[in-house]
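Each of the next two complexes has chain A plus one more chain, namely chain B in the first and chain C in the second.
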Partner chain A sequence: MRRQTEPATRSSYAPAPGHRFNVGDRVRIRQAFPPGHRRTPYYIRGKRGVIERICGAFPNPEELAYGFDGEPAKVLYRVRFLQGHVWPGYRGPAHDVIEMEIYEHWLEPDGDKP
Partner chain B sequence: MSSGPFDYYAKRPHGHDHGDAHGHDHDDHAPVEDREGPPSEFEIMSRAMQELLEAKGVVTAEEIRRRIELFEEDFPYRGGRVIAHAWTDPAFRQRLLADGRAACAEFGIELEAERLIAVENTPSVHNVIVCTLCSCYPRALLGMPPTWYKSRNYRSRVVFEPRAVLREFGTVLPEDVTLRVHDSNADMRYVVIPMRPQGTEGWSEERLAGLLTRDTLVGVTVPKAEGK
Partner chain C sequence: MSDEAINKGPHDIGGEPAGPVDTTDHGMRFWEKQANALRSVLSRSGVVKVDELRRAAEGLGDEYRKLAYFEVTTSALRTLMLEKGYFTEAELSARMAEIRRRFDVPDEMESPVKQKAKR
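The block that comes next holds the complex of A and B.
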């Protein structure tokens, strides 16, 4: 995927020490369906993408939603996916992409090519 | 009204033309009602919450009124001013791309809790923003999101058939341009830096900001200099 080789911008928000993944790493979104407030859209679960940038560490929204303090903070990444991979019937050029924010605990390393 | 007191009873221009098949009330004196029936549960909750917060001294009604005023009169125009500045100042543009929140603060715009990612359109990349999960939107830069942005139609379709959705907004992307859809699904907010149109050389930032409508900053359309 040609655009994935472009240098990605790293955000300066809340630097995330100890992050597990780096820009350019291939990842797979966990295929899991836990109940409760989740910011990982259903349509992206189980899909493979590449880390676009590290956004920083933020209070965990899955805990904040229920009145907890969101600690420990979770590392948030932006992940880039090829549209043709996300939607098998995608009608558009093969280089179109979709990007979104995924918390670290939803990510698994993915050695295979997407 | 610029001259004299406002005349409540003056006939206003009607604004549309039709025959006798009137589908609505033509009485200028008809009372303006929000909606039929009792207030909704959310209106009651919202009102009760405000009254409690006022009673406890957390906020005043004036602060809330002022906030609503900012949302309507200032926030919707901030995005255009920031991006017009980025068009005219390449170093600022780079700082905006590196850290949107810090660049806005430097420009005198506090985004409060919002973390901003600016994404730039180029001859080979076009960006469009959505929040599929709810209606996350850079409110401190663009004001309240438009109804279509919050609609299930836009939120569900722009992720899997974005080119068809853009065509409905009058935006046709060449096949060789990569379309980047950004699902604003968690903690970051997004604004598009459109390409500056040709024919705007020498324009003031204020004039440029006039091209940068809300829809261009969400990425469903692109700014055009013709006729401006």
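The block that comes next holds the complex of A and C.
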């Protein structure tokens, strides 16, 4: 199977000026459990990953959900995690990954290796 | 009970045992097409936002997993229309009663086209 490392076409995502993280940065997902409409699944909170790409900046869905305009826009990243790190007892190949798109306010810098 | 358990929405099931998965294509019933079209029109015209619909659906709590997909989305739409003041609970009930009489529907949960649209 062909391994695709670059997207075949140019990204149509919105630009994200002032982004806090760059591709390759190690991040940890905030281990927070606030009530309300949240766009970060429970199982990924507290996990460590690497920024795979900057998707763009978008109105904050966690604000849009309550009738606000979602401004200022939040930067959205695609974050890559090792499956074996996310799921205890994972039995697939060690290099298996899961990628998830997560907003900047859910990310914090992480110096440690995932 | 920790915050973790309390604030986890009924939709957030990643990593939980799934049980058997029904992969049958059920198609759409008549009312589901009608309700979905209404939701689509109201979304496109900016009356409701998809994030609001999701929030309202998640607000169903335990009901969320008991209801079928279009029941969840239609319930969420109802919640938002009431919330935004497009109609009141009383107006909705009155209108539903009026339409039910028009079609002579005996059971509250039965659709007038249910026989035809049966899966």
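Observations on the model:
The definition used in the following text is that the second predicted complex is superposed on the first by the 102 of 114 C-alpha atoms of A that agree within 3 Å, B and C clash if a C-alpha of one lies under 4 Å from a C-alpha of the other, contacts with A are read in each partner's own complex, and residues count from 1 in each chain.
What we mean here is this: contacts are C-beta pairs under 8 Å (C-beta built on N, C-alpha and C of every residue); 3 or more make two chains touch, one makes a residue touch a chain.
The structure displayed is predicted, hence computed values, not measured ones.
Of the two partner chains placed around the shared chain by superposition, chain B and chain C are both touched by A:41.
Of the two partner chains, chain B is the only one touched by A:95; chain C is not. By the document's definition of touching, of the two partners only chain B reaches A:78; chain C does not. Touch criterion met: A:33 reaches chain C, while chain B stays clear of it. When the two structures are aligned on the shared chain, A:87 is found in touch with chain B and with chain C. By the touch criterion defined above, A:61 lies against chain B and chain C together after alignment on the C-alpha atoms of chain A. After overlaying the two complexes on the shared chain, residue contacts for A:23 are found with neither chain B nor chain C.
Once both structures are placed on chain A, chain A residues 41, 43-44, 61, 87 are touched by chain B and, in the other complex, by chain C. Of all the residues in chain A, the ones that touch chain C in their complex are 33-38, 41-44, 61-62, 64-67, 70, 87. On the chain C side of its complex with chain A, the touching residues are 2-4, 6-9, 12, 14-15, 49, 51-52, 54-55, 58. Interface residues of chain A facing chain B in the complex, by the touch rule stated above, are 3, 9, 11-13, 39-41, 43-44, 55-56, 58, 61, 76, 78, 83, 86-87, 90-93, 95-103.
Residues 97-99, 101-102, 115, 117, 125, 132-133, 159-164, 175-176, 178-188 of chain B touch chain A in their complex.
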